[in-house]
Every structure is written in structure tokens, then in C-alpha cells.
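Next come two complexes, and both contain chain A; in the first it sits with chain B, in the second with chain C.
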Partner chain A sequence: MDKPYLPFYKLATVLLLLAGFAVQADETCMSPYMAKIVGQEDFVYVWTLGEEGLGDEQDKLVTIDVNPASPNYGQVVHTLSVGGRNEAHHSGFSDDRRYLWAGGLDTSKIFIFDVHSDPAKPKLHKTIDDFVAKSGGVVGPHTFYALAGRMMITGLSNNKDHGGRTAMVEYSNKGEYIATHWHPTDDSLNGAEKSGKYADGYGYDVRVLPRRNAMFTSSFTGWSNYMMDFGTMLADEEAMKRFGNTAVLWDLHTRKPKKVFDMPGAPLEIRCAWQPNHNYCFTTTALTSKIWLLYEDANGVWQAKAVADIGDPSKVPLPVDISITSDDSGLWVQTFMDGKTRYFDITDPFAPKQVYEKVIGAQLNMISQSWDGKRAYFTSSLLDNWDKKGDQDEQFFKAYTWDGKELNLEFAVDFKAEKLGSAHQMRFGAYGLYGLQRPYAARDIAAGE
Partner chain B sequence: MRLACCFLLGASLVLAEPPLSIRLAPGDDKTGYRRADYQTDSLSLARRRGSAIDLAANARAEHLGLPPLADFQVAAPNAGAIQLGRKLFFDRRLSRNRTMSCAMCHIPEQGFTSNELKRPIGFEGRGVKRNAPTLLNVAFNQRLFWDARERELAQQIWSPLLAANEMNNPSVGYVLDQLHADPHYRELFQQAFGEPANILNTGLALAQYQQSLIAANSRFDRWYFAGDQAALNAQEKLGFRLFTGKAACSSCHLIGAQYALFTDHQLHNTGVGYQESMQKTPATVTVQLAPGVQVAVDQKLVSTVGEAKENDLGRYEVSLQPADRWKYRTPGLRNVALTAPYMHNGEFLSLQAVIDFYNRGGVQHELLSPLIRPLGLVESEQAALRAFLVALTGGNVAQLVGDAFAAPVGDTTASPQ
Partner chain C sequence: MKPRGAIGLALLGGLLFSAPLLAAEKADRQEVYLAPGWGKLSFDAPPAGSYKLPALEKAAGGTLLNSSGKRVELSELLQDHITLLGFIYRTCDDVNGCPLSTMVLRTVANRLQKQPQLAQRLRLITISFDPRNDTPQAMAEYARSIMGKATLNWHFLTSESDEQIQPVLDAYQQYVVADVSGKDGQGKFSHILRVYLIDTQAQIRNIYSLSFLHPDILVNDVKTLLLEGDAAASPAVAAQ
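The block that comes next holds the complex of A and B.
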């Protein structure tokens, strides 16, 4: 069968091949240090929050078969409960893509799943429950981002005041603690330039541009805020002061901060451009609803600029997850409050234009799109106590195809009806990554592809 | 007004290391955040360091402005029990999912309360409906909780340990099992009490630590009780005259001839609770999105992401007497500049907002305390009153905070695998 994946060293070749075509997308939020699925993904792993009163009430990894050629297409084929409600949130593969690290923002536990032995049935390989103690007080492991032989984990909070000052924490692929990299604060810039008025020390996401030796982080809020009832927080003037307003450029190799950018209103997900000459990354501010561009100017100096509004910022649409296409021409932006996905034309990165939008559900958070850009998957949950209440608390996984003009629903899994919990982050799995054969007929695969 | 202040710890018998500058405010101070010209003032957590002090000595010492602790305490200060209580206080493993310690809501540099939330957040993010009170000078409280439902610290501690929305431990026995299973705690309990942890000595240990958090010898104390005329300036002295005169604050926040606890230990209805329960829901909520960026958000939209607010009827919830509706305990005012936000629900973010409220005469309704009436304070008088309240900050608070910084934070260290 065709290998539906590529190791990093082959990526450049693929990108060159694709450059001449109207490539729609790629598996875009993966680390460049990681093998990629460039064909049909077999599974989507959904890191799911346990809900009180629903099913077994525990956080779990839910495996959904998404290969149209499979007899189980559209079905939940496996669930793996890990014990407790840990505020399941984000996950990320190790660079060899054999293990999926998934974090709990509340308990700061990290669950490492073996996804290579049987991609259809992940196994719990190891649990790290001393992340806070080992890291020197970092709380809330958020992003799991593969570097070469390492896992870079962003924290959201700390064990001293449960506020937003925090750090990145570096682990080995074996799950051994290596180092803590604190975000720069006014009194401890650690060599960084404070380019504006802010150096809050907050953290959220991390992404890298290895060819520029650049690493970027964004900033959100601490445990007290991300754990509390969203409506209560909006009305708490003190709590609303406790959001990050910065992004930071780091030296990727030395892990030292180089420049702190003002980015008011909680910049969240960072997505860097893929093309070899595109030295920029996007992020969006959740509270102020803007698309920001981090870019290298003509003098080789990194800058930050707000380049577009998302919806009507005065209505607080709350942009959350974003996803960039592999040819850097488009950016999917999810807005939680109105449940919309919005597609921006970013051909000119300094002037994004919204060209499409669609309501996916009553609430919306995450998106994952396939390498070929033809498939996009969506989930509903943002944070357990931020999700909508009552009937609007829809919890779903929805699979769409994208023809360049319209999203078409292929199937959906109702996570409440299935007694699973609240659907959060998605990661793709494939047999071919590990040299395994799909357990169904080749002709079906051909039909599916 | 910037209430945050820094104290340089001077040489002291109880200080073992060179002086450290300790900020008595959140480490990432957000003063001025509402303005567009806001600038961060964020300290690294690595700088959050202090030195241990002799807390038993602090508990036994005479503090200018306060009565002897012996008149209030449940047991004589015991250094071993205090150290044990201090370790328990900062141990995040003492909650069911090992994330919440007492100190996560009673944050040392934030006046041993939380400046960052109107009302605390507990287990799995569940809301607590009343503001976290300061623990400074808690030893002198005759009654505990805003509704005065408890009297002894050693008993009180089991409420947050077991409350579903606070530390969520399923039982007393569960907590004790955790303590019995930990070799270090076994040793500390044996040293302090000569017996394993039990319901009584666990409460007592935590009470002993909290009772040692005595903070007095404020500038007010030095002026009023020691006759140091230079300790207060003219504006602060005017504030004192207003506090005890025109503004009548001292009707409830008592100042005695020998000492001042700034509380009558009684419960009163000021109208804050009544207003919260009975006012119509406003059509919009003003939301701070970023420095200098505020928007009015439709309440209907906010309600889609918010649980209904839990009602709060104050002392009535304990007594079931209609006359006790919306009555709350009078808090002491020592160190009040460090303990924002204010009132039982954290409604007022600043001392000025509190003064504005009382100057208006509270909220009129049939149960309003007759002691609450419009005050007619002009702006300069309000400023003087505010200045006086700031002068109530104890001279040794930074030492207590520094000691807390030196305390180990308990986190899970050993993997069960």
C-alpha cells in the first residue's frame, strides 16, 4: 500500500513537489521534527474530559475510525479511561510519533499513550504525576511539542498562587525531566528585549521555525481562571486582569528568550508558515479577537502586528483553535461563542480576509485538518467550566470534507449520547506510520483513497 | 492609589539571613490594568524567597496594639505543632486530587487571602460563594466564617478540607490515612503530639500555624498605643478622627484603650448581601478584555457560559431566623490595605469603593443595620480615611510572608509506577 506518512527529512521534497499545485492543507500543527501523515489518516484520537454524571465520568482517550475504507468508519473503536477528571486538554506526539503525551490542566498529570503497537487500541504506557515537583512548581501542562529527542511542554500556571506566571518544561522522550525555562518577567528578562509595555511571564503555546532558530510562545491565564466558571470569571474584574498580553521569541537552540512582544488579549495557538521562504507565524488573541502576525522584517528583525479582526470583537466571539494550510494560503479560525469556523485567505499575511464561515455547533473549539486539505475534523469543548451550559453544551466530534468552497458533514459522534464526555483535542493516527498493514482488504483501501 | 507596598526586612532576632525585599501584593501586580497605559510589574517566581522565622516566638511575643494571645488561643504555642501546621498549610496533596492547599486561597503575599479573585475557586474549579478572609490575626477572631458558624480554628479547618467545592476530601478518615501513609508526617506528628495524626491534633496543628500569624505594631499602633507622634502624618490622624467620629467606623470596628482588634465580633446587615440577592440582573456585564479595553457584553450571552449564581443569605443560613438575613461578621481591619477585594462577596475592589459604599449609607432596606447611615464625607475626608486604613498594616507582615515563602510546597513527588 502507499505509505501515508513522511518523515521530516522527506518533507522538503514533498513541499517542493506540492508547491506547483493548489495544495489545500496539511497536518499543520505537527512539529516539523515529526513524521507526518500525508495520505488518508486511519484514526483520530480525541483527548476527552470526563463529565460528572456521564458514563464513567473519567478523562479518556477516544479512538475514532475515520478511514472511509474501513468497516468501522465513523465509529468509536476504542476508549481508554485514565482515572479522575484531570481537565484533559492538549496532547502531542513524540518526535518518532510512537507515543502520544496528553496532559491534565488541573492535576498536572501527564499520560503517555503507546499508539504504535496497535494504532486502533492505544495503551497507557506511563503516567507522570510529579510534573509540578520536578519542574519547580509549574502547573497545567498544556502544549506537548516534539523537538529532536525531546518533548517541550508549556505550562499555564504555578503552585505558588495559581496565577499565570509559568514556564516551559523540557522532558526527554523517555519521560525524564530535563529543564524548566521560565517566561521572562519585568525583573527577570533573562536577556530578552522588552519591546513594549508588558513582560508578564505568562505562557500557553509553543511553535518553532528551525530554519530561523526561532521558537515562539504565547500567553493565556492561570489555574484559578481556566478552572473557574466562565460566566463568573467574565463578571470578576480582578480575575479578568489575569490574562496574558505577550508573545515571546526564543532562541530555539539555547532556549533563551530574545524578545517580548505586546499582544493584548490572550494570544493562544501559534501556527507557523510552512513554505521555505515564509518567515512568519500566526496567532489569535482570544479576548480581543484579532489575528496577529509574528514576522521577520527586511532587516531580519522579528516583529508583531495585528493584521485582522475576527468577527465583531465587541461581541467577544472568542477565537480559539486555528489551523494554517500547508501552502500558507488559508487559516481556519474557530470562534467558541458563536460555534463558527471561519476561513481566512492569508495569501497576503499582512491582510487576511475572511472568505467563508459555517456554524459547526452551539460551541466550537478545535480543528484538525488532513495533509491533503480535503478533510477537517471539529470538536466542541474548550474547558470544562468554560463550556456552555444546558442544551447549548453540545459535545461532539464532527468529520467534514472540504472542497475548497464548502464544508460537507460526513459523520458526527455525539459524545454525550455515547456517554464519553467532552471532546477536546484531536490527533491523527495511521497504521502506515509504523509499517503496519491495515486489517482490511487492499481493494477497500484503494476505494477509500 | 497603589495599595501594594514593599517592606525591607531589617535585622531581627528571628531573621536568619540577610534582608530580602518582599512585595506585599501579587507577584504580577495588575495595578492600573483598566488603563490603556498599563505596564506590567511582574516578578519572577524565583524571586519569591524568604527566610524562616521563629513563629512560636511570634505567637508568644507581645505585639503593640494587640492583647496577649493567651486570652484567645486554644493551646500554648508549640514550635513543633506550628512547623507541622505550616507544612500542612502549604501541602497541595491535602486535597482529594492533590491540587489545592490552604495556601492556594490564602496566599501569603496577598494578605493571606486572594487579591486576584472576588471569591475563591476550589476543587475542579468549583466556585466558593464568599470571599476568602485573611488569616493574619485570625487567632483573635471569636467566631469564624463570614456567617460566624464556627468558633475554634482547630475545628474550622475540617470544613474546607471536606467541602465538595474546596478541598473535597471524602472523609476525615481519608485525610488521616494520607497523613499516616507519609513517613515524614508520621515523624512530625510523633514529635509534636507524641501520637499519630487524628482529627484533633491535625486541626490543632493547622490552628497553631494560623495562630502564629500575628501582625501588629503598625504605624497606627506606634502612634496610638506608644505615643509616637511622628508615626502618623496629619492626614492619617484626621482619618483616625473621622474613623472614630463623623464616619463612625469604630462603632463596629472597635478600638480599645489597651488594644484594638477593629471588630465587635458581631454580625451586621450593611445591605451588600441584600443587594446581591434582590437586585435585578443588569442587562449587560462590563468585561475587561485587555488593558484599556472594556466592552459591555449582553447578560444573555454571559449566561450561556455561566452557572446560576448561588444565593447567599448570610447568618440566616445558620440560624434560620428571618432577622438574620444578609448579616455577616464584622471583619477586623488590621492589614486591610493588603486584603482586597472587600466585603463577604469581594464586591469592592478597593478601599475607596468601600468608603463610597458606606458614605452612601449602604443599601436601604428594612433589615439595614441602624448603624449604617449616609456619612457626608467630602473627598478630602475620604482620602484621610483611606490613608488611616493603610496605616493599619502590621510592621512584621513581611516577615510572616517571608517565612511562608520559605515553607516547602507539598506536591506529589513519587510516581506510583
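The block that comes next holds the complex of A and C.
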């Protein structure tokens, strides 16, 4: 019988033998320290906000079976509620991919799920409820980004003024606090070069390019804004001034900030290129609707440049999540307000061109694409108080296939009809990561024998 | 019946994405990429002492076997020295796996040998997670093949059984998945390559996977801990 999984040592060899580095792809947004799923994922874990008046009203981890070969394909196979609402937002695996860390932006709680014992039924392993105290006042754990044996967590806010001044916080894989790294400000540049007008100290996402010893952060807004009603905030001139306008280059090994770039309008998700000679990363600004490129120039100096508009910036389509393809040729960009996904050709990173767009729903936030780029999954929720109201507040998980020209809907899960909540971030799971056989494959083998 | 949806899964831990093209050889007309540790570091390693390495956690102990077959307590070996500790299995043939770990440790030892005052404060520990094949005798032979005639403070350890090594692996979160299909009967293992930097108080101060498992980085991290220790011992000197 054929082995359904390729062992590490063999797979490493296979991948290493492939020409170039064109084989890696959300898997495309994962840490380079992360174990990767390069074939068919079995599950998508959706970190979901509890909604008042819907189901058990609690934040929960929803597990959806996405393997077409599974008898449960397209179904919610498990939900795990965490006992309250925390403004569930983002999640990330540990570098060994055995645990999924998921944060709450309001309560600053962190839930660590065991996803390796039974990938179909994650269980709550540990809850960190002293993140603010341990970190020295950081609020709103956002990105969970695996480094070797540890987790880098970006904050969005602080417990003094609940504004955007914040830090990155390191934890060990066992869930123990290690260190806090505050973002550079005018008052405390901590050795960083301020290259433009701003050094606001705000934070949002983090990504790394280990081969260049480079780490990048972006900047959003603090608790006082992200917990405010969206319409109210838009009408509040002072509140609208409290958005990040910077990206920061850090020394990855020493964790010291090196350069602050002006990037007006709240740069959010950062995605770095995979190819070994592609020393650049993309981000998009939510309020100014631009694609920005962080790149290393011919002199080895890191620069930042706005390289494309997303839709009509004057209409503020609000670009949110992005995802780069494995071969660095394409960038998916989601815009929340019009519910569209847009695909940009980025073969010339300095001149991205939109080549495709499709309305996914009334509102749209996250995307996760498979390693090979053939499958893309979308979810709807941005923030509890920022999601649309009434019948525009669609909450869904939608699974598409992508043939290079068109997105084709395979199935959808209506999170409201299923009384689950508001669907936010997705992460992929697979039996094979842990040396486990798929149970249905085992049954098939038994039947065939 | 053939399982449907046959897939391949990688436990790469940075292997593919952080490795610049340091060396290449033709293999079926395709290129082989080697981890950064095999070549020149593609950036300047931050100078020793210019940064901090905050403690992650206490390094675990455990009863193991040395290459003479005697029982040793890992916790005792972690005392009073700065330690670089890595887990391997001797028959690992992935060029970017265990051989890389051993080569990097050997290179670090070579470099520090030129500075005896530093070398005498460093201990290397290599632990096998394959006790069935890596007997003390096999580890002794392995050690000789690595060290030659050099006199290094390098301990090659194994264990009496899977049951004995498992708690140590768990404590270091060095997860290993056995692949029982090895045609040579020895089997292979999937694991994320990790090397641990441990200070004289047995605190883990850094963990390296492929991206940063490079002699330049490790030497400067070791020196950073030595400088830190010197500063603690002589604050006046450190302040100069």
C-alpha cells in the first residue's frame, strides 16, 4: 500500500530537489519556522467570536473538515467554546505545530489549544490570563508568530491610556513569559533610525526574513478604537487620528528596532516573499488603500514604497487580510467594505497589477490559501464592533478552488445559521503532521484489503 | 485499496524558507539547497555582548547513558558550564538534519579551541533519541568519528530505552515521530532540528533551528553569556 504521508526526511529531500523555492505556499502566511502542510489540508480551525443572542454566545474554536476525501467534507465537525467573549481575533501555531495559540483583543486572554492529540477535536490545553501584568502593560494580543521554541506575540494597545502605544511580547512554547519589546517612539527610539515623520510606537503584525536577520512590524490602533462602534469612531476626529502610520524593521536576533518607516493609514498584515533572493515583504494600509513594499535595495538598505492602489482609495474600501502565493507571483487582497477579494500580479513587486476580483460576501476579512494555491478559504468578521449591521452582517466560512482564472465556490458554512458566531481567523490542520493516519483512509484500506 | 488524496507533509522548521543558496549540486538536474549553517552567514552576526538573551526556562535533567555505558545525570552535566545541547539520531542522513547539528557544534568547538579560556567554559552534549540503534558503543564510535584525536568537552549520550529518553524529549519539547518504514530496518524519524544554549545556571537561553543554527551565531551567543557572567562577577570591570 502507498503511504499517505511523506515522512520528513524524505519530503525534505524531495522539496530540496525541486528547482527553486517555488513549492512553498497560508500556509503562505505562516512563520518560516513552522512545520508546513504541502498537500491537502484536513481541517480548517476558525477562531470565532461569540455573538450575543447567538448559540452559547461564547468565543469558540470551530473545526471544519475540508478534505474532499472525507465523509465529513464541508461539515463543522467540532466546536470548543472558551467560556466567554474576549474579542477573539487572531491565532497562530507553535513552531512544532502541536499547539494553536489564540488571543482575545478585549480581555487579553490567550487560549492554547492542543491540536495534535486529535486534530479533529482540539482541546484547551492552557489559558494565559495574566498577559497584561506579565508583559508590563501590553494589551490586545494580536499576532501569534512562531519562532524557534517560542512565540512572538504582537500587542495592539496598553493599559495606561488604551491607545496604540504597544509592544511585542515573547513567550516560551510552554506558555511562560520571556520578554517585552516596546515599539520605538520619538521619546524612545531605542537605537532605531527614524526615516520619516513618524515614530508612533504602534503595533499590529509581525513577520520575519531569517536569511536577512530581519523582522518587520506594522501598526494599527489601540483598544479605545478597536472596541468602539465603527460608525461612532469614523465620526470622531480625535479617534481617527489614533491610527498607526509606521512600519518598523528590527534585528531579528537581537530584537532591537533598526529603522522606522512612514506608512500612513494603518499598515496591517505583512507577508514576506518566499524565494531565496526575494528580499521583500508586502503590507497594505487600511485607511489609505495602498499596497506597500518593504524591500532591500541594491546597497543592502531596507526601504519602503507605496507600489499600488487597492480599488478606489477615495471610497475607502478598507483592505484587510492579504495572502502571497508560494511562488511570489500573486497577492490576494481582501477589502472589507465591498466584500471583494482582489488578486494582484506581483511578478514585478514594484508594480502590482490587479488581474481578478470577486465579491465573496457583504463583508470580507480573512483569507487562507493552500500551499499549492489551489484552494482558498474566506471568512467574514473584522471586529465585533466594526462588522456591518443587520442583514449586511453576514458571517460565513467559504471554501473555494482556484484554477488560476476563477474562484469556484465548493461549499460554505453560515456561522449565523449554525449559531456559531462571527468567523474570523483560519488555520490549517492535518493528521499527517503528527504521524497519524486519517481515520477514513484507514477504513478504506481495511475495506480494500 | 490505495488511500485517497495521498499527500506530503513537511516538518521543515525553517528549512526551505530561510536557507539561502549557499551551495548547490546537480541531482537529477535539480539543485540541492543547504541550510545556512553549511556556508557563510548571509548577514553579520550581531557582536557578542551587544544584546541580551533572556532565559526561556529551566533546562531539564534526566538519567541517561554515556558512551561508556555508565548512567549519568543530565542535570549534573549542565552545571558550571555553558552548554550547547542537541538531539540527534546517528543514522540520520538528511544533510540539513542531524549532520548539520553535529557539524555546527564541531565548528563552534574548533573556533573556541583557539581561545582556551573560553573553550574550557563550554560543554557540548549530543543526545540520541534512538536508543535501539544508538547503543553506548555506537555513540562512542560516532564520537570518535566526529572528534578524531581532538580533546573536547563533548558528551555523546544515549539511553537504555524509549521509555527513558521520552521524558527528556518531552521536557525539551523535542518531538520525534518515528517512521517505521525504513528499508534498512533501522527506521527514520521526523523531527524539527533544535539546538539549545544553556547557561551555567541550567537556564535555556536560546533555541536554534535551521535558520540560525550557524557557528557565527552560536559562538557570539556563547560569548555573550560569558561576558554576562564576567560582568556579574566583576561589576566594576563590566562598567568600563
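In this section, the second predicted complex is superposed on the first by the 415 of 449 C-alpha atoms of A that agree within 3 Å, B and C clash if a C-alpha of one lies under 4 Å from a C-alpha of the other, contacts with A are read in each partner's own complex, and residues count from 1 in each chain.
The definition used in the following text is that a contact is a pair of C-beta atoms (placed from the backbone, for glycine too) under 8 Å apart; a residue touches a chain by one contact, two chains touch by 3 or more.
From a predicted model like this one, the values you see are computed outputs, not experimental measurements.
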*asked:* Contacts for A:D59 in the overlay, against chain B (first) and chain C (second): which applies, first, second, both or neither?
replied: neither
*Given the touch rule stated above, what does A:E394 touch, chain B (first), chain C (second), both, or neither?*
neither
*Tell me which partner A:D328 touches in the superposition: chain B (first), chain C (second), both or neither.*
neither
*asked:* Tell me the contact category for A:R438 with respect to chain B and chain C: first, second, both or neither.
replied: second
*Look at A:W274 in the shared chain and tell me whether it touches chain B only, chain C only, both, or neither; answer first, second, both or neither.*
second
_Per the contact definition in the header, classify A:E51: touching chain B only (first), chain C only (second), both, or neither._
neither
*asked:* Contacts for A:G265 in the overlay, against chain B (first) and chain C (second): which applies, first, second, both or neither?
replied: first
_chain A - residues contacting chain C, complex_ = 1-21, 23-24, 32-40, 67-69, 95-98, 148-150, 170, 172-174, 176, 178-179, 209-213, 251, 253-256, 274, 276-277, 430, 432-435, 438, 441, 444-445, 447-449
*Which chain A residues qualify as touching chain B in the complex?*
84-87, 106-108, 126-130, 132-133, 137, 139, 158-165, 182, 185-188, 197-201, 223-224, 226-232, 234-243, 245, 264-266, 285, 287-288, 313-316, 337, 384-389, 392
*For chain C, which residues count as touching chain A in their complex?*
1-21, 27-28, 30-33, 36, 42-43, 45-46, 50-52, 54-57, 92-94, 96-97, 173, 175, 177-179, 181, 188-192, 194, 204, 207-209, 211-212, 217
*Inside the complex, what are the residues of chain B that reach chain A?*
26-28, 30, 33, 37-48, 92, 97-99, 104, 107, 109-110, 114-119, 121, 124-125, 127, 285-291, 293, 295, 297, 301-307, 309, 341, 346, 349, 409, 411-417
